[in-house]
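Labels run A, B and C following the written order; every chain starts at residue 1.
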Amino acid sequence: MKISKLFLSISLALGLTAGAQAAEIEVLHYWTSGGEAKSVAELKKMLEAKGHDWKDFAVAGGGGESAMTVLKTRVVSGNPPAAAQIKGPSIQEWGDEGVLANLSAVAKAEGWDDLLPSVVADVMKYDGKYVAVPVNVHRVNWMWVNPEVFEKADANVPTTWKEFFVAADKIKAAGMTAVAHGGQPWQDATMFESVVLGTAGAEFYKQAFVVLDPEALNSPTMIDALKTFHKIKNYTDPGSPGRDWNLATAMVINGEAGMQFMGDWAKGEFTAAGKVPGKDYICTAAPGTANDFTFNIDSFVMFNLEDKEQRKGQNDLASTVLSVPFQEVFNLNKGSIPARLNMSMDKFDDCAKLSAKDFVKTAEANTLVPSMAHGMSTFSSTQGAIYDTVTEFYNSDSITAEEAAAKLVKAVAAAKY
Amino acid sequence: MSINRVLIYSLLGFVALIYLLPLVVMLITSLKDLDEIRTGTLLSLPQSLNFDAWGKAWGTACTGVSCEGLKGYFWNSVLIVVPAVVISTILGALNGYVLTKWKFKGSDLFFGMLLIGTMIPFQVILLPMARTLGFLGLSGTTSGLIMVHVIYGLAFTTLFFRNYYISIPNELVNAARIDGAGFWLIFWRIIIPVSIPIIVVSVIWQFTQIWNDFLFGVVYSSGDSQPITVALNNLVNTSTGIKEYNVDMAAAIIAALPTLLVYVVAGKYFVKGLTAGAVKG
Amino acid sequence: MKKKSSAPRQSLGNLLPKLVVAPTFVIAIIFIYGFMLLNAWLSFSSSRLLPTYDWAGTIQYEKLFANDRWWVAAENLLLFGGLFIVICLLLGLFLAIFLDQKIRAEGAIRTIYLYPMALSFIVTGTAWKWILNPELGVQRLVREMGFESFTFDWLVNTEMAIYTVVIAGVWQSSGFVMALCLAGLRGIDDNIIKAAKVDGASMPLIYRKIIIPGLRPVFFSALIVLTHIAIKSFDLIVALTGGGPGFATDVPATFMYTYSFTRGQIGLGSAASMMMLMAVAAIIVPYLYSELRKKKDEH
């Protein structure tokens, strides 16, 4: 190990110190810019008030893809961070590896089971024990509308897919882009899941994207949904492939386009442009999904650490994340709604209030479904397989909906083992 | 000037313009404000020179919970690049010296082995390397990252020096040996003095590779020792926030300045160094 | 390579040279070949989220070969790699020949051709995306100049997107080939060219018969570097197209990264990288063998 010593001595000579200090809480996250970064900074402040050191470990890019790569190498090196931003069924995958910390004690002391809706709580548990703590709830099945464009085109805001195409035709005829879309796999999938939900309903959606039932995936219902999905492409502009979602949102803001299918984080763009909900823009559920809710929950997962101080820090971090002040400030910034129940929504805007109301309502009606596009319904391998098929079908004009449905079954099966 | 000359000049100039385009776009964008970016075209000039974005990228943009711009990370990169370049260049020079002037049985095979090594996709080694660094207690440290850069730069520096030294006449070395000079003395007195051009090539190459590296930097560094490319990535990427393109572009240019400078200042020596031998292998 | 390359020998110092290269040797054995072997093992394991060293037979390879996306990626590498290497070599050669005509401001022009080498695509990716985007970049600019029907939408066209990757790749690397060729041109003995001129040979003929053949070693050096760049192309793809539209511009490097790290299918990703390594070996090993043989024949 001559070489390692050499490097060690060189680095010491340069005045660098190696290794982590005790009682430092290292948090891996991918919220690195703008309002998100500020929200995380709030969390840091609150944690430091409890006497811990926050060691920031920020890795942005690709909706957390880079962060996951880094996380894996850190776990393999035997040096995991205290907490990491992981969500959905991936939590179960990490649980299977046996590297997660048990938060039962703090969860019991604070009564998380009563604070959290059971849908949310289930995601946070591995083997019946809390291993993660939720930050927020995003609603994905939103449609963002520029009312001015609709007025100019003499169209009505659609509530069904049939109405949607009528309105889209009118906007197109009026010389504007009907749908602002960013052609990236996750955005294609975001739009697709809203189409499936809107045309086939929550029950079918769950059968297809949660149960992964081959019969549902390759059913006439799915083929119809695929056809509707592909038809939307005719109403997007030629510059859409590869476009970032926020640029698509800007098209709606500027009045270049009539609507966009995107989760509630799009609201931040409208707010930043000085637009007011209900007046300058309308947030409404995607056609046919007014009584449904696709959720996307961000959460922090805690890793198993030896150090006692650090474990205390993890517990304090978890309880801070669920605390009312943090939930409020974070979600006001991010456009989402708090993950914990019975919080005052006074400071939130109308879109968030509607979202919070629908969240409770759909949970009771059993039409609250996990977002496939955002990794809430399947493992990442299956999610990726669905992405591949959906995006290939959307971008190609030579694949039929029937072929795509058959491919979907094949791809999902191949990703399973 | 003959028609031929005019043709040559206009062709060279035209290609130069195309090559400059991305940098020009970045520069122009960094000087506009966000409204101008939204409404104007790529090459429409900014209405007034506005260096706010540069200031923000350097000093106040968020790259995580801290919003202190790129300035701290710039220094991190220097701390990583300098030792890594120095060590890999020294080792490469020694290897090249041995592989050409002190050949032994199997030295060609060894060189071939190293060459194949340059082709290994870095994604393959991420996990085993992480394990190794953890084992050595270097996980998440600058030393560990320097080590990784040295290891995977060695094949290139060895290649450069070997191809250069092969053109130094062996007679020189033999004569020195007859005069009683040993391994180190020959290296120091005969080889090094004529090595300046290839040292420049090796340093430029390694400096560029390591300064621009993102994959190793993001994986093997942690927290406040991250290199500038990782900070740039954090600054530019946002999952659900507003994109400030002028700041992004200014940050990108700041991150690229050292390598740009190296090419502008040392580009001449780069071509000279290549002329001097690297192309004769 | 006319010099005899048998090195001087020393009775006692025989061990020292070996000692000097020993660290590099150990490093190569562990960190290149050892890791390759580990990767080979993983490709026969059932690894998913994290590596598990078990034995699952050839299932990962079967899955890989049944995967449409893999074949798209492999085909793209052939297409991209081939075009990228050929265009870089040709463009680099011609730029070098033109620059070698005693051009004023040669230094400045050379620097302009060379500077893309200094930048990573993490830096230039966004600018490139804008330039190639039909709504923002070249297409819009040309249309605003009055050519209404001008179309340049390769970036967003499933069939053509891979060629935009070639364009950006050539932009980055052709300057390096230019520098190598320029160096080679400067290294050719002027007297031979003068003699040929005296004999009445035209310049194009001199280039074809004397100068370009004299650049052979340059092409080989360039080929090694370009092949290495093509196979490892990763930042380029991610920054420019993210593999899209769909996965139309996926290459093996992005494929293996996606599966190993994003999708938690390390076994499959490892199988993909084994295929990459084997392809590299199939190209490089015969080349190295012939080069080493050639050197021996020359003595």
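Some observations on this one:
The definition used in the following text is that a contact is a pair of C-beta atoms (placed from the backbone, for glycine too) under 8 Å apart; a residue touches a chain by one contact, two chains touch by 3 or more.
Every value quoted in this text rests on a predicted model; they were computed, and no experiment measured them.
Centroid distances from chain B, each centroid being the mean of CA atoms, peak for A. For the pairs B-C and A-B, the larger set of C-beta contacts lies at B-C.
Computed centre separation for the pair chain A/chain B is 36 angstrom, with centres defined by C-alpha atoms. Taking each chain's centre as the average of its CA atoms, chain B and chain C sit 16 Å apart.
The set of chain B residues touching two or more other chains comprises 126-127, 129, 233, 236.
The multi-chain contact residues of chain A, meaning those touching 2 or more other chains, are 3, 62, 69, 72, 76.
Residue positions of chain C touching 2 or more other chains: 23, 27, 51, 136, 257, 261. Across the complex, chain A is touched by residues 38, 61-67, 79, 83, 87, 126-127, 129-131, 133-144, 146-147, 218-220, 222-225, 230, 233-244 of chain B.
By the touch rule above, chain B contacts chain C in their complex via residues 5, 8-9, 11-13, 15-16, 18-23, 25-26, 29, 41-43, 91, 94-95, 97-104, 107-108, 110, 112-129, 132, 151-152, 154-155, 158-159, 163, 166-167, 169-170, 173-174, 177, 182-183, 208, 212-215, 229, 232-233, 236, 245, 248-249, 252-253, 255-256, 259-260, 262-264, 267-268, 270-272, 274-275, 278-281. Put simply, chain A touches chain C in their complex at residues 2-3, 62, 65, 68-69, 72, 75-76, 90, 93-94, 96-97, 183-185, 237-243, 379-381, 383-384, 388, 391-392, 394-396, 407, 414-415, 417. Residues of chain C touching chain A in their complex: 23, 27, 46, 48-51, 59, 63, 66-69, 129, 133-136, 153, 155-156, 158, 241-242, 244-248, 257-259, 261-265.
Of all residues in chain C, only 1, 3-8, 10, 13-14, 16-18, 20-21, 23-25, 27-28, 31-36, 38-39, 51, 95, 98-99, 101, 103, 107, 109-120, 122-124, 126-128, 130-131, 136-137, 140-141, 144, 171, 175, 179-180, 182-184, 186-187, 217-218, 220-221, 224, 227-228, 231-232, 234-235, 252-253, 256-257, 260-261, 266, 269-270, 273, 276-277, 280-281, 284-285, 288, 292 touch chain B in the complex they form.
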